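In order of appearance the chains are A, B, C, D and E, and numbering begins at 1 in each one.
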Amino acid sequence: MTLALALEQLLNGLQLGVMLFLMAAGLTLIFGVMGLINLAHGSLYMVGAFACAAVAAATGSFWLGLVASLACAAAAGAIVELLVIRRLYDRDHLDQVLATFALILMFSEGTRWLFGSFPLYLDIPPLLQGAVALPGGAQYPVYRLAIIAAGALVAFGLYLLIGKTRLGMRIRAGESDREMIGALGVDIRTLYTVVFALGAALAGLAGAMVGALQSVQVGMGEPVLILAFVVIVIGGIGSIKGALLGALLVGVVDTMGRFLLPQMLALFVPPSQAGLIGGAAASMLIYVMMAIILAMKPRGLFPAAHA
Amino acid sequence: MAEPVLELSDIVKSFGALRATDHVSLDLKPGEIHALIGPNGAGKSTLIHQICGTLRQDSGTIRLAGRDIGHLGVAERSRLGLGRTFQVSSLAPEFSALRNVMLAVQAQQGSSFRFFKPVMRDASLIDRSMAMLERVGLQDRARIPAAELSHGERRQLEIAIALALNSKAFLLDEPMAGMGPEGSKVLTGFLDTLRQEAPILLVEHDMDAVFALADRISVLVYGRVIATGTVEEIRRDPAVRTAYLGDHA
Amino acid sequence: MLNRETIANLVLAALLLAVPLAANAFGQPFYVTLATRVAILALAAAGLNLALGLGGLVSFGHAAFFGLGGYAAGILATHAFSGDPLLFGWTGTNQMPVIWLVAMLVAGLVGLFIGLISLRTSGVYFIMITLAFAQMVYYFAISWPAYGGEDGLSILVRNQFPGVNTMKPVSFFLICYGVLITALAFFVLVRASRFGSALQAARQNEVRVATVGIAPYRIRLTAFAVSAAITGLAGALFADLNRFVSPSMLSWHMSGELIVLIILGGTGRLFGPLAGAALFVVFEYVLGGLTERWQFFLGLILLGTVLFARGGLLGLLAGKARHG
Amino acid sequence: MLLDVSKIEASYGASQALFGVDLAVAEGEAVALMGRNGMGKTTTIRAICNLNPPRAGSVRLGGTDLRGKPSHRVAKLGIGLVPEGRRCFPNLTVHENLVAAARPGAWTLARVNDLFPRLAERHAQMARSLSGGEQQMLAIGRALMTNPRLLILDEATEGLAPVIRQDIWAAIRKLKAEGLSILVVDKTLSELLPVADRCVILENGRSAWHGTPAELTADLQDRYLGV
Amino acid sequence: EPVKIGMITTLSGGGAGLGIDTRDGFMLAIKQAGNSEIEVITEDDGQKPELAVQIADKMIQSDQVDILTGIVWSNLLMAVAPSAVAQGKFYVSTNAAPAALAGENCNPLYFNAAYQNDNLHEAMGEYANKDYKKMFIMAPNYPAGKDSLTGFKRFYKGEVASEVYTQVGQTDYAAEIAQIRASGADGVFVFLPGGMGIAFMKQYAQSGVDTPIMGPGFSFSQDVLPAIGDAALGAKASGQWAPDFDTEVSKKFLADFQAEYGRLPSIYAVQAYDAAQLIISAAAKADVKDTEAFRAELLKADIQSPRGDFKFNTNQHPIQDIYLTEVVKGSDGVLTNKTVEKIFDDHEDAYAKDCKM
C-alpha cells in the first residue's frame, strides 16, 4: 500500500461523505429541523432519480432532467404534505412512522406501475464525463468533483436558511411549539408545506445526481434512507454543521474500513479469509461507530443548541 | 442549637462565563422555613437543581442530615428524603392525580420492581395517596388526568407528591406561582403547618407569603448571598430593597 | 364490569381461536398456518409493546431479538439433527420448551447489553442506536458462513413439544396461541403493577419519576430486556413455523414491521399487537391474492388507518385509552 | 368596541369548560379578567385567539368576525398573546424568539431591549436555559414584537421579582397610555386593580360579574375570588 | 389428471425485473403447449423469505399444487425448496441453484433447470487462464458471492492480485476502483448482481481505469444492460445462452418472446422457459401423482432448449455448454450480448459427485 493510494482513499471517503450529505440534506430539513419522521424520504429521492432519467431519456438532456427531478420531487412533497403529513404534526411520532411507511409502499409500487420493473438508464452529462488528473498522478472523475461542489453548496445554503433567516427561525419555532408560533401570526401550515416541498426537492436533486452514478431502480431509496438517518443522528439532529461533519465521518470511516480492514486482517489470516471477515467487519463499521458515538455523546456530535 | 437538616457550603456553578451560583452557603434547620429570594435569574432555581441533583455543582458540598449527597443521582437523593416541587409543574400527564401521588408513595415504600400486584388494588398505596390529596384539597379531582387539571390544581398536586415522599426537607420552587389569592391564602396556612413535619427551603416571589412564613430569609443576587436574616432585617436592608423589593416592603 | 375495550379484546381472542379451528374442521389447513403466523407476529409485537407501548422506548432494533430467537431455535435444532456438538459437548435439542428457554435467555441477555448502552440516549437517538445494533447483528448473520449466511438455515423437521404432534398445523397453532395468551396475561399484570406504573410514568415524564426516587434507567433496562426476551421467544416459534431462519428476520424491515403492527392495532393497548398482526397478515394475504400491485393497496389501507382511525384498530373499536 | 366577545362556549374534548362568557374591551382600555383557579380564564383567552375554537357565541375584533379564522389570521388582525406558562421557543435564542415573531410597527428589537435590559444581556442564550422570570419577560417582549392592537396577558407577572413586576406594570400603564388595548389575567389584585379600567369575573365558565375596580367591593372579592 | 404448478417469484420491489422475466418465459412455454391440463398459479414473494414460505404453505396446503417453481433468489429457495420436497412436492428451479442442494443434500424431487450457481463463474475462471496473468476478483459478501469467487478460483490458474468482498447492496465503489487501479492486475472479475453491478459499471467507466472487466452472464444480462448503457461495451461474460445463438430453436424462442411481450428476453426467461418445457414434457408421459414415473420422465429432459444440448446430471442439475459473450451494440443501437466462443463443452458442476441418489 502506497501513501498515494491511502490519500486517494481518503479523498474517496470525503467524497462519499459529501454525497451522503447531499442525500441527507432534505432529511436534515424535514427531520432535523421540522422534527418530522419521514420514512418516505427515500421515496422522494427515488422520484427525483426517475424523473431525471425519464426526462433525460425523452429530451436527451441531463440538465432538463435535473430540473424535472427538482420539480417532480417538490410537487410530490407538497402533495404528500397537503394530503397526509399536515394531519400528523400534532400526533405522536409513531403515527408519522406508520403513515410514511405506508407512503413508501405506495411510492415504490406506483413508480413500478409507471416505469416498469427494470432499472432505467441515466448517464452523466457529457460536460462532466471522464476523469481529471489530480496532483500526485491519480485520476479523479469529474462528476464526483461536481457532486462535492453541489453538496457543499447545498450545505452552505441550508446553513444560511436555517440558521440565519427569519424563515429558518420560524421553522424551528414551529418544531417546538406549532400552536404558539401560529398564535404569533405566522402561517405555519403553509410555511411547513413549503419547507416540506423544499426538503423533497433536495431529496429529488440528490436522487438525480447520485442516480447518474448508481442504478435508477425501484427500491433505490431504502439504503439511502437508513444511511441518511445515521448521518443526521451522528451529527446531532437539527444541526446542519453536524449533518455535514457526520456525513464526512461516515464516508471516511466506511471507505477506509472497506479498504484497510481486509488488509490488516491479511497479516493474520489467509487473504481470502481476510477478505471475507474484513468485508463483514467493514459493513458493520459505521453502525459500530454510531453506537460508540451515541453511547458517549447521547445527543450526537454537535447537538443543535441544547442546554 | 439543633443540627441543620440540609447544609450547603461553597456551592459554585458556572455556565460558560456566567457564575449562576457563586460560593453559596446556607442551611436549613429543623422546623424552620428558610426563604430564598432574589431577582430573576439570580440562580435560585439553579441552586435547587444542584441540591436535587438535576445539575451537578462545580465545587462545594451538600449535606442532608449530615450525609454528603453531592455525588448522588436524583432518585437516590429523593429516596434519602429530599422532596421538591418544580417551578414549572412537572407531572405524569396521562396519569390521574391519584396515580401521580401513588407513584411517590410507591417509591417511598421501597422497590418498584414488583411485577404482579395491581397497584389499583393496593390499599396501602391508594389510602395514603388519597390522604395526601385531601391535605392539599384535591380529593375531588383524584381521578382527573393531570393534563386536564388547571394550572393551580397542578401546583397543588405537586405539593401532594412532595408530601407523600415523607421528606426530611422540602424544596419548594415558587409554590405560590399561579395560585389565586384564595389558593395562596390556603397554601400559606398549609405551609405554616408543614414546617412541623420537615423544614422548608422556599423560593418565592410572593412577598406577602414570604414575609408571613419565613423564619429566615436569604437574598441571592447574581449568584451570591448578599444577606441572610429575619424578615425585619431583610425588609430594612437597603441593598435588598434596591436589588429586589422595590417599594414592596 | 366490561368496558368496550375488554369486549373487543375478548372477541379478538375468540376469533383467533375459532377461525383456525373451523378452517381445520373444513379441511383448510392453510388458514391454520396463517393464524399461527398472526399469533406469532402478535407475540413478537407484544414483546415490543412492553418497551414501546408502556415504556415509550421506540426500539427500531427488535428484529435483532426476533432473529436471535429464530437462530437459537435453528442452531439448536440443526445440531440435534446432525449430532455435532454445539457447546461443551451439548448437541443441541429439538424440544421446544428448552429451545424457548434458550431463545429467551439469548435474546434477553443481548437485550440487556444493547439496552445498557442504548438507554443512555433517548428519543430519536434511541431509535437510531437500537437500529445500529440490529444492523450489526444483521450484517454479522449475512456474512457468517457457519449457519448459512444470507441463505439462511433450514430446520428439516419441526421441533417437538412433549405430548403433542407439532407437525399437525392445528397442534402447533394451539401451542403458539397458548404462548401468546400467556404473554398477554403477563402484559396485563405488568402494566397494572408497581413496575408498570413506574415504567409508564417514566415515558410521560422522566424527571418526575426520578424526583420521587425511582431511577428510570433501571426500570427501562429491565423492561427492555424482558421485551427482548418475549420477542426472542416469538422468533423461536417463527423459525418452527417456517422451518427456516434467515437474516431477513433480522433486517430493519422486520423491526419496522413490528412497530407498524403495534401502531396499526393501537399503541400501548393490550391487544394492539394482535389486532395489528391480524389486520396486517390478512391484508397481505388477501391483497396478495387479488393483485400484483398489492403493496400499493396495502399502503393505501395503512395510510387510511393512520389518518382516519386514530389510536389504531382498537382506538376505532374501543375509543380512547384510559389510564386509571 | 375593539374586542367584543359574546356568549361563547368552549370545551376540551367532551368536557365543557365555558358556558357563555361575555366580555368587551374598548380601544385604549385595560380590562382585567378574574376568577378563581380553573374557572375558565385561560380557556376564554384561547377561545378568543381561536386556539380552542368556541363552539358557540361570537368573537369580533374591530368589527371583524374572528370565528373560523385560523389563529395566525387572528394574530395578524392585531392580537398579541402572552400565554399562560410562557411558552418561549426553547430551541431558539432570545434574539431569535423575538425576531421570529416580529411584524413591522412601533415595537422593535431596540425598544423591547430597552424595556427589558435583562433580555438584551442574554440575547444569544437559548430560551430553554433562561430563568423563569427571564422567560416571562421574553414572552411579553415577543408579543410586543408582533405590534398588536390588543395585548392579552395571561398571568404575565407570575414568577417575577417585585421590582420587575413594578416595571412591568409600569410598562403596561405606558402601553395603555399609548393607546394599546389590554386584556389581562393576573393573580395579584393589589397590582392589577389600579391598572384596570374594568373587571370581568368568571365563575364556572360563565361571566358572573363585571364593573369597575371601584365597584369591586371586599364583599364581591370574597365571594368570587376568595380574598 | 391435471398438473397444478405453483409459481412463486419476485414481482414487486427492486428485484421484480428478474421475476417478471421468469414468469413470462415460463408462461410462454405453457401457452405454446396449449395444454389445458396444466394449471399455473403465480404469486409475488416480494423478495422476502418469510413471504415465500407463507405462499408455499398456501400453495401446498390450500391449492394442493404438485410442483413448485419460479424462485429467483438462493436465500428464498433455501427457505422453500427443502420443506416442499420434504412434503413430497416437486421443485423445479428456474434460477437459484445453491451448492447446498447440489451435493450431499440433493433430493430426488428437486430439479434445477438453470445451472449450478458456480458454473458461470467457473467458466470465467477458465476463460481468464488464456489471457490474464493477474486477476482482481470481487463479489458481495454473502454465500452466492463466496461461491462465485470460489467457482472462479476453481478453474483460474493465474495469480489473484486481490480478493475483495463488498457489502450487499453497496452503491458506491470508488474505494474498490482505487484498489483495482493500485493492484496492477491485468483483468477484473466482478460478480455484482442487479443494481450493484449497474452502479459499479457506471462508476468504473468514469474512473479512468481501463483494466478489462469480465463477469458471469447475469452481470450483463438483458435486464440490466440498458441501464448500464455504453459503460458495458466490451465487457466479457459467460452464459449458457445469448440472443444471437444461431439455432432454429433459439431464433424461434426469441421471435416468439418478442412478439408476445415486446422486449428482448433475458437468460432468466430462457431458464424458466426450459423449466416449463421440462414439466410439460414429463406431464405428457407420466402422471404427476406417480412421483417415481414423473421423476423419471423429467430426468430424460426430452426438450428442445434454446440453449442447445441439455441434459441432467446425477444430481439433477444441467450438463450444458457454456459460452463466452461480449457486450456489443447491435445495428439498431441496442446493447446486446454477442457470442464469442465456447468455453466449456458439456460442463458438469463440482458437487454432483457428492450426490448419492
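What we mean here is this: a residue touches a chain if its C-beta (ideal position, glycine included) is under 8 Å from a C-beta of that chain, and two chains touch if they have at least 3 such contacts.
Remember, it's a predicted structure, so these values are computed and weren't measured experimentally.
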Required steps from chain C to chain D (each step between touching chains, minimum): 2
Contacts common to chain B and chain C (chain labels): none
Centre-of-Cα separation between chain E and chain B, whole angstrom: 74
Whole-Å gap separating chain C and chain E, where each centre is the average of the chain's CA atoms: 36
Chain centre separation in whole Å, for chain C relative to chain A (CA means): 31
Approximate Å spacing (C-alpha centroids) for the pair chain B, chain D: 28
In chain A, residues with contacts to at least two other chains: 108-109, 276, 279-280, 283
In chain D, residues with contacts to at least two other chains: 129
Set of chain B residues in contact with two or more other chains: none
Set of all touching chain pairs, with the criterion as stated earlier: A-C, A-D, A-E, B-C, B-D, C-E
Residue ranges of chain C in contact with chain E within the complex: 28-31, 33-34, 37, 139, 142-143, 145, 148-152, 154, 156, 169, 238, 242-244, 246-249, 253, 284-285, 288-289, 292-295
Residues of chain C that touch chain A when the two form their complex: 52, 58, 117-118, 120-122, 124-125, 128-129, 131-133, 135-136, 139-140, 142-145, 252, 256, 259-260, 262-264, 267, 293, 295-296, 298-303, 305-307, 310
Of all residues in chain E, those that touch chain C in their complex: 11-13, 43-44, 46, 48-51, 53-55, 57-58, 61-62, 74-75, 78-79, 82-83, 86, 98, 100, 141-144, 146, 165, 167-168
Residue numbers on chain D that touch chain A, as the complex places them: 49, 51, 70-72, 74-76, 80-81, 83, 87, 89-93, 96-97, 99-103, 126, 128-129, 142-143, 146
Parts of chain B lying in touch with chain C, wherever the complex brings them together: 52, 54, 73-76, 78-79, 84, 86, 90-96, 98-100, 102-104, 106-108, 111-120, 122, 145, 161, 164-165
